[in-house]
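The first chain written gets the first letter, and so on, giving A, B, C and D; residue counts start at 1 in each chain.
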């Protein structure tokens, strides 16, 4: 089926999946390190300090769901990408580099005021969605990587869905800049809606859980 | 056996298990980060500082066993759930979100006095048990997820056992509020007993190691 | 071969291995968190601060090898234990609890003077070796867990080897108490020798890499 | 094919790969812990503090790619090494010990001025490449470990390529010492070039992604 030269530079995707699962599992768990009471509070009354954690807890839940959704989307993509080559390893590495930034921007978001944390958070999520689209684009254009039974419609939607969500997050940067962080964060609900809509238009499960 | 439309939105549970194992392995290992001598003590005598760690060591052992038991229960559940769908991925994600909170409430419990840390700890454990019950409930009511050879009695006990343990933990919140944290923590022994009892009543091993 | 009641409470050991590998991989990597320059040094000259890291680097290498050897020993044990039951899950959990304490006693050893850190370190390693012996003892006495082709001699040596190493570490506690930490740490070389000797006496590879 | 005595001390490489993937996944994710705003900045203006992170972000991206490339090289090596013995477990453990040092030297590089951080970073990368060469050398000279269909040319290049990259990193230590850290870091581009060149000369994919 594949020529010898093709098979020599391609592998099964099992170890890429194991490594990616490991990185995302560590990144999602590191989110808990941001839930820390201020040192001063540990000698004072815990009851007074806990309400100050409400924002950190909210950011924890938000980012846990975000990384979880990215993991599901990656899960769904590679259910249709049984083989990888060197180039896909690189694209996947840059994707993971963006995922691991999420705990950092989460601590920005939970610990700082103003529009800048919201802008940084939206920028990192935009990058993550673009990288998801790039993984799919690369696997689609390289012969031998994507499973042969993926329909033409699914091949297109697998690209459109993450780009649509990326566009909403990119737009929220402008909204946060112009109308403040709260307005920017409300825009993120649109991303969930966009992901759900793209999902409805897909017959296959390639993006079944993307947002 | 399954219609084409069913198989398209369902996967084998291998990668969900890999990811969940990774998250729980990281969460259980992060517990060691809470074992830190106070900065002041590192210049003083270690012999004087170590007894102050007794409480932290006790909380470390408690939470290590708790996460270990949750892992065993999850292990047992998915030995009977060979297939997952998008909804189960979500329920499992919320379960993991509750597991990862355990290192946080452990540091509350080891570093603070009063009833509040005990209440927070019991609340997180209640949430964990409820999510375990939800995983089982979801897998039971969705055709094609649970193995066909799970007996009707086991299908019921798999739901009742975690709910029973959750009820004990929820009750310990009230006990801690009314009678203080020590009384609340003694109540947790009942949870171990409840889990053991539920286990005896189960013919299968679906909950063989739940508390 | 196995009666139905036996098989119902036993599983393949794959997921226990995955979880244990995850916990040990995280614990061994957390050792790097102890390699930190003192805050004061970060503003001063790095060249002056680096020599102060020599002790921390030495402890890092020591504990990396220790956890690595424990992983190899665990690896070798479960190459001969294809099936696990609930009891073995518990024994393995306590073993992991002792492994995860190693980063903590490593930071004691690298950051504190006197015999106490050496005593704590030796105590944790003793506990680890005892738990390894317990895993082997439990798997040997429970029908259906250990592979049938493990020779009687290997079944004995798999128990004796970790107990021998445990005895040396326990002895080093007394040495450190009586003659100081340096003498105690030199005793640890005996543990490496004891492990190597036990290894020579074993025909199989069950303990091929235990110290 | 293999004599009984050979097979008794050799294993499949699956669990070594799982453990190594876990360690590298945690090490690459711990890089994010170095992205922290200074405490003082968290009360001041975030906009003023963020530019101070540019250096840390650059070091994060550099080390993420470095660990990723080491993972790919390890990935490619073990695609040709289906079996391991006790000695290879040890060589691989020392390799992992060098990988886990990367987050430490990354924090040196991002937080300190002068040539010393660049020298430490280059020294750790040299050690990593030498260990990669040692893994390949050990697997090549031990009967039964390497797949039989690896060509003689690939067996040589698998050794030469990491040694060539190691030589460049070792040379950059001298360059940084003589001409300052910036010159030393520019030398690292040569390592990428050397890896790419070695790659071109290799017919197989054994080193397809080494730098």
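Points worth noting:
By definition in this document, a residue touches a chain if its C-beta (ideal position, glycine included) is under 8 Å from a C-beta of that chain, and two chains touch if they have at least 3 such contacts.
The structure presented is a predicted model; accordingly, all values stated were derived computationally and were not measured.
With every chain reduced to the mean of its CA atoms, the largest distance from chain B is reached by D.
The two copies, chain A and chain C, are related by a rotation of 180°, based on C-alpha atoms and rounded to the nearest 5.
Where chain B touches chain C, the two copies mostly use different residue numbers: shared numbers make up under half of all numbers in play.
Between chain A and chain C the centroid-to-centroid distance comes to 37 Å (mean Cα coordinates, whole Å). Chain centres here are Cα averages; for chain C and chain D they lie 26 Å apart.
In chain D, the positions touching at least two other chains are 18, 22, 25-26, 30, 33. Against chain A, the residues of chain D that register as touching in their complex are 17-18, 21-22, 24-26, 28-33, 35-37, 42, 46-47, 50, 61, 64-65, 68, 71-72, 75, 79, 204-205, 208-209.
Residue ranges on chain D touching chain C, taken from their complex, read 8-9, 11, 15, 18-19, 22-23, 25-27, 30, 33, 86, 89-90, 93, 96-97, 100-101, 103-104, 107-108, 111-112, 114, 116-117, 120.
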